[in-house]
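Listed below are the structures to be examined.
The following pair of complexes shares a single chain, subunit A, combined with subunit B in the former and subunit C in the latter.
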Partner chain A sequence: MLSAWNNIKLRNAVLQILYVGGFVALIVTLIVMGRTNLQEQGIISGFDFLWKATGWEVSFSLIEFTSRDPYWLVLVVGLLNTLFLGVIGLVLATVIGVIIGMARTSANDLARLLGATYVEIFRNIPLIVQVFFWYAVVTRFPGPRQAINVGDSLFLSSRGLYAPGLNITGLSAFLGIVAFLTGLGVIVWVSSAQQFRRMEPARKSRLRWLILLVAFVVTTVIFWIGRLPDTTLVSMPALKGLNFRGGIRVSTELSAMAISIAIYGGAYIAEIVRGGFKSVGRGQIEAAQSVGLTNWQVFSRIRFPLALRAMLPILANQYVWLIKATTMGIAIGFTDFFMVVSTAINQSGQTLELLGILMGGFLIINFTLAAVLNRINRAIALKGDQLRT
Partner chain B sequence: MTQTVEPAIIIRGMNKFYGSFQALKNIDLTVEQGERIVICGPSGSGKSTLIRCINHLEAHQSGDIAVLGTPLDNNIANIDEIRREVGMVFQHFNLFPHMTVLENCALAPMLVRKWPRAKAEEMAMQYLEKVKIPDQAEKFPGQLSGGQQQRVAIARSLSMQPKVLLFDEPTSALDPEMISEVLDVMVSLANDGMTMLCVTHEMGFARQVADRVIFMDEGEIIEQNPPEEFFGNPQNERTQQFLSQILGR
Partner chain C sequence: MTGDMGRPSILAMLRTRYFSTLGNAILSIISFSILALITWKVLDWAVFSAVFSAANGPEACKAVDGACWAVIDARWRLILFGLYPHEEHWRSGLACGVVVLMTVLSCLPYFWNGRSISIIWIGGFLAFYFLMKGGIFGMPVVDEQRWGGLSLTVFIFLTTVLVGTPLSILLALLRRSELPWISGVTGIIIDSVRSLPLLTILFAFAVVLPFLLPDWASGDKLYRAILGSALFFAAYQAEIIRGGMQGVPKGQEEAAKSLGVRYRHRIQRILLPQAFKNALPATINQFVITFKETSLFIIIGFFEILASGNAAYGTGNWTFAFVEVYAFIALIYFAFVFSLSRYGAFLERRMDVGDQ
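Entry: the complex of A and B
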C-alpha cells in the first residue's frame, strides 16, 4: 500500500481528483446557499426580467432606446457605449503614446524633456482625479449661444461638442464604419501576412493604396444608400434658438472620458513605446545604415518592426487595463456598461444576475482583445534562439 | 586627363573626439583600389573607430575623407552615395532577426538599388553560394550558428555589390571552430580583388592576404608595412611589444 502511494503517477492522479472534486463541491454549495438566501428575501432569481420594459431612459445611446424597451436592450446600449468609448480611448491613447514615446527616444533634448514631463505628470495622478478634472473643463465651456466656433462647423459648448454629421440611418452608419475598418484590417494583413511577404515592394505599396481606395468608395456608397429622405447628405450643426440643431453631438461625459483615457493611457503607452525602441539593438540599425538604407527605410523596415515585437505583449496588457478603466465613466454619469448595470440593479433588484452579466461582458471583450493581440504576437515572433544583439 | 585609377579611400589629417577624449589623432591614410589592408592594435587604440568613420557610422570632427572620389561631408546625399559603395561586416553580425537569410540579403538591393525582387534574390543567392550556405536561405538568423550568421552578414554586404568592404573584428565573437569558415570566405574575397580593410587579430590571415598591415595605438597610426616587413622587422617599440604579446614570442 505504501509503495503504491510512492508511485508518482498514482499519487498525482489521486491528488488531482481530490482537488477537482473539492472545487466542484465548493461551487455547488455556493450556488445552493445563494439561491436559498435570495428565496428567503422574496427575490426570484433567474433571467426573466431581461424581457421586461425598463421604464427609464439613458442619456447617451448609439442605438434607438426608449423607456418602453426591455432590459436586455439597455444592456446592449451600455455595452456598445463601453466599446465605443474603449475604441476611441485606445486609438487616441496609442497615437499620443507613440508620439510621446518617440519624443522620449529622440536625439532632441527639448523633445525628450517635454516627453518626460508629460509622462511624469499624467502617469502619477490617479485616473479618477483626471476624469473629474476633464469633466470640469469640458462643462465650463461657454453656453451654446457663446460657443467657441471653429470654422462654422465645429462648436465647443458646455452642452458638448457639435460637429458635422451625415444624415444617414444608424444601420448604414454601422455598416459603413465596419466596411472601412475591414479595409484597414486587410491592409494590415497584406503588409504582414506570410502570403504577401515575397511581393515586390512597389506592387505591395500600390495594392495597399488600391485597397484603401476601394474601402473608401464602398463606405461612401453605403452611406449614400442609407441617406435619409429629403435631407442633405452632410448635416452641419447650426444654432437654432437656445441650442444647436443638426450635425452630431459628442456629450460632455463622453468627451471627458475619452480625453482622460487617451491622456492617462497615452502616458503608459509612451513608456511601452520607449522601451520597445530602446530594445532594438544599435547594431541592427548600424547594419541597415551601412547597406545604404535611408533614415526612413531604417525606421520602417528595421527599427519599427523590431520595436513592435518588444512592445506587443506589454501593450496587450495595457489595452485590457484601459478597457476596464472605462468603468470610471460611472463617476461622471457616462452611461457605459457598468452604469446601466448598476442602474438596472437598483431598479430590478436582480443583483447577482446583473453582476454576472457585467463580469461576463468584460470577460468576453478583454478575452477577445487579448486573444487577437496574442495571435498577432505569435505570428510575428522572432524565430530561433541563436540571436546576439 | 589622367589614366591612373583613383584611390578607393583618401584620409587626410582626420581627428575624432568623444567629448574631450581624442579617439583618432591626425590620421593620414590612402587605400588603393584592390588593396587589402589589415589594421591591428591593442584594445581602445581607435582601429574600429577609424573604419567606422569611413562609412560615417561615426562622425569625424576635422580633416578630410573621400571614398571613391566622393567627399564625406555633411551632405546626406554624399553619405548615402558612399554607403551604397562601401559594405561593412560587424563583430556581432547584426543580421535583421525578423527577416529570412534571403530577405536580409535582398532588402538593400531592392530598396536602395531599386532592383526587382527576382533580380535581387537571384544575386543574393549567388552570394549565399559564394559563402557556402545557399541551403539556409529560407531560415531565420536565430536558427543559424555564429559562423553561419557571420557568413550571411558577408553575403548581405556583397549583395549590394560594394567596391570596398570594411571588416570590424569579424571573428572575435565566434567560437574557435567557426573562425576558419569565416576566414576562408574572407581569403577568397581577397583573392577576387576586393578592396578590403580588416580590423582583426588574425595574424595568419594578415600574413596570407594583406598588402599592408597597419599598427595603431592610442588613436595614431604607429607603423604600416607589408606583412613580411611588419612581422619580420617591426620598427617601433610599441609594435614589437604588441606582436610579442599577440604572437606569444
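Entry: the complex of A and C
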C-alpha cells in the first residue's frame, strides 16, 4: 500500500481522478437533487415550457410582444434589450471616457483637475447607487402636460423622453444601428490593420468613403424594409390628451440605466485612455516633433495609434464588465435578459433550465465580445518587423 | 517689497501655463468656468442655502432652494443601523468602529506578516460579530434578520473577504498545479465564475438554491448569498494571486526543492509571501471593488445601506429629499473607497521606487 503511494505516477492519477470526479459528482448531485425536489412540487423538467404562452407582459421591448407569446420569445426580448442597452451604454461611456481621458493627459492643469474630479467622484460611488439616483431624477420630471420642451421636438417628462423618431419596427431600428456601427468598425479596422498598411493613402481614403456609403445605404434599406404601414417615415411627438403620441419614447428605466452606465463606465474608460497615452514613450513624440510633424500629425499618427494599442486589451475587459453591469436594470425594472429570466423562473418554476439559459446567455455574449475585441487587438498589434526600437 | 520680485514672474507663469496658445487659453477658460460654476453651485446648495436641522420638520426645507440635510438629521439612525433595536445602536456603531480600526491597522507595514494580519482580521471579525449578535456580557441577542444599514454592508464585506481569501489561495494553487486535469478543471471553474455577472451568482445562491436543496441543507439566506459573493471574490482574487506568483522567479522554488524543502513550506515560506507582496496593489483594488459590490445585495432583498436609504426618504414627508439621502450614502462609500484606492496608488508608487 505504501509503495503504491510512493509511486508518483499512480498517485498523481488518483489525485486527478478524485478532484475531477468530486467536482462532477457535486454538479450531478445538485442537478439530481434539484430535479427530484422540483418534481415534488409538480414541475416537470425539460424545455417544453419554452413554447408555452407566458401570460405576462414586458414593459419595454424592441420587437412585438404580447402576453400570448411563448417563453422563448420573451427570452429573445430580454436578450435584445440587454444588447441594446449595452450598445448605447458602451458607445456613450467611450465618448465620455475619451473626452475625460484626454483632459486628464492635457498639458493644462485646469483641464487635468477637471478630469480628475470627474473620475474620482464617479468611479468611487457604486454603480447601483448612481442607478437609483438617476432613476429618482428622471421619474421626478414634470408630467406630460408640463413636460420640458426643447425646440418642440424633444420633451422631457416623468413618463420618459420623447424624441422625433422613424415609424419603423424596433427590430429593424436595432439591426440598422448594428449595421451602421459594423460599418464604422470596418473603417477603423481598414485604417489601422496590417493588411492595409501598404495601401496608397488616396486609395485607402476612397475605400473608407465607399464603406461609409455602403453602411449608410444598408442602414437606410433596413429602415425602409421595417417601416410601419400607412405612416409617414418621420414622426414627431405631440401632446394629445394626457400623454404624448408619435415619436419615440425612451423609457425612464432605459434612460436611467444608460445615463449611469455611461457616466460610471466613462470614468473607468477615462483612466484606461490616460494609461494608454502615458505609455507612449516621450522619445517617440520628440522624434516625431524633431522631424517636423505638426501637433495634429504627432497626435493622429504617433500618439493615438500607439496609445490605442496599449489600451485595447484593458478596454476589452472593461466592455465585458459593463455588459455584465446591465443586469442591475432589475433594480429599477428595466426588462433586460436577467430580469426576464428571473420573472420567468418565478412564473413557470422551470428553475434549472432557465438558470442554465441565463448562464449560457451571458457566457455566449461575453465570449463573443471578447473574441471580437481580441481579433481587433491582434489585427492592429505591432508585428515583428515593426518592433524596431 | 518682496512682492515686486514675485509679481511679474507669477504673471509670466500664468501666461505660459494657461494662455500660451489660443487653444490653450480657450481650454483654460472653459475648464475654469466649469470648475468654478460647479464649486459655487455645490457649495451654495450644500452649505449656504441648506437646512441642517430637522427641528422644524420637512416644511422648513420647502422654503429654501438648498439641500435639505434635515432628512439626514431625522433619519440617520435608520440609514446607518437599519432595523437594529434603538437602545442597542451603540453596539452597531462600535462594531463599525472596530472595522475601521482593523482596516487602518492592516494598512500599516508593521503588521504585514501572515500571523498579524490573520489575527487582526479574524479577531476584528469576531469582535464585530459578537458586538452585533450579542448573547455575551449581558448584551441581548439580536438576530441577523434585524441587522441593517451600514453595519450589514460592513458585515457582508467582511465575511465575503474572510471566506473568499483562503478560497482564492486554494484556487490559485490548484490552477498552477503541475497535474493537467487539476489545473484545467480549476481554470474552467475560475473562468466561468468570472464571466458571469455577480448578480446572477447572488441570485442563484440566495433565491434559486433553496428550490434545489432539501430544507436541512439550505441554511440562512444571508449566508448563502455571502457564500456566492465569496466565490465570486475568490475567482477574481485567485487570478490576482496567480499573477503575483508568476512574478516570483522560478529558480527560487527549484532551489528550495533541491534542498529538500517540503511542498507546504515551499508554498508557505517562499512562494506566498512574495506573491502577496507583488499582488498587493491589485489586491487592494479588488477589496475596493468588493466593497462597492456589496450594494448589489439590495436587489436580492437585503436591508443594507442603500435599501435603508431608500426607506429613509421613501416614507413619511421626506419623499422630495432623495438627492440628499443618496449624497449621504455616496459620501460614505466615497470616504472608504477613495481613501483605500489612494492608499493603493501610494503603495504602488512606493514599490515602483523600490524595484528600480
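Going forward, the second predicted complex is superposed on the first by the 312 of 389 C-alpha atoms of A that agree within 3 Å, B and C clash if a C-alpha of one lies under 4 Å from a C-alpha of the other, contacts with A are read in each partner's own complex, and residues count from 1 in each chain.
Here, a residue touches a chain if its C-beta (ideal position, glycine included) is under 8 Å from a C-beta of that chain, and two chains touch if they have at least 3 such contacts.
The structure presented is a predicted model; accordingly, all values stated were derived computationally and were not measured.
Asker: Of the two partner chains, subunit B (first) and subunit C (second), which one does A:R198 touch, if any: first, second, both, or neither?
Answerer: First partner only, subunit B.
Asker: State whether subunit B or subunit C is in contact with more residues of subunit A in the superposed arrangement.
Answerer: C
Asker: In the overlay, answer first, second, both or neither for which of subunit B and subunit C A:S290 touches.
Answerer: A:S290 contacts subunit B only, not subunit C.
Asker: Give one of first, second, both or neither to describe whether A:G281 is in contact with subunit B, with subunit C, with both, or with none.
Answerer: Touch partner of A:G281: subunit B, not subunit C.
Asker: With the two complexes superposed on chain A, say which partner A:K324 touches: subunit B (first), subunit C (second), both, or neither.
Answerer: Only subunit C is touched by A:K324; subunit B is not.
Asker: Based on the superposed arrangement, let me know which partner A:R309 touches: subunit B (first), subunit C (second), both, or neither?
Answerer: first
Asker: Output check: A:R301 vs subunit B and subunit C. Expected answer is one of first, second, both, neither. What do you get?
Answerer: A:R301: touches subunit B, not subunit C.
Asker: Under the stated touch criterion, which partner chain does A:V129 make contact with: subunit B (first), subunit C (second), both, or neither?
Answerer: second
Asker: Which subunit A residues come up in both lists, the one for subunit B and the one for subunit C?
Answerer: No residue of subunit A touches both subunit B and subunit C.
Asker: Spell out the residues on subunit C that touch subunit A in their complex, using ranges where they run on.
Answerer: 17-18, 24, 27-28, 31-32, 34-35, 38, 174, 179-182, 185, 189, 192, 195-200, 203-204, 207-208, 211-214, 292-293, 295-296, 298-299, 306, 310, 322-323, 326, 329-330, 333-334, 337-338, 341
Asker: Going by the contact rule set out above, which residues of subunit A touch subunit C in the complex?
Answerer: Contact set of subunit A toward subunit C: 12, 15-16, 19-20, 23, 30, 33-34, 37-38, 41, 103, 106-111, 113-114, 117, 120-121, 124-129, 132-133, 136-137, 140, 320, 324-325, 327-328, 330-331, 338, 342, 345, 351-352, 355, 358-359, 362-363, 366-367.
Asker: Which residues of subunit A touch subunit B in the complex?
Answerer: Within the complex, subunit A contacts subunit B at residues 197-201, 281, 283-284, 286-294, 297, 301-302, 305-306, 309, 380, 382-389.
Asker: In the complex formed with subunit A, which residues of subunit B make contact?
Answerer: Subunit B reaches subunit A through residues 55, 57, 80, 83-84, 86-88, 90, 92-98, 103, 107-108, 110-112, 116-117, 139-146, 149, 153, 156-157, 160, 173.
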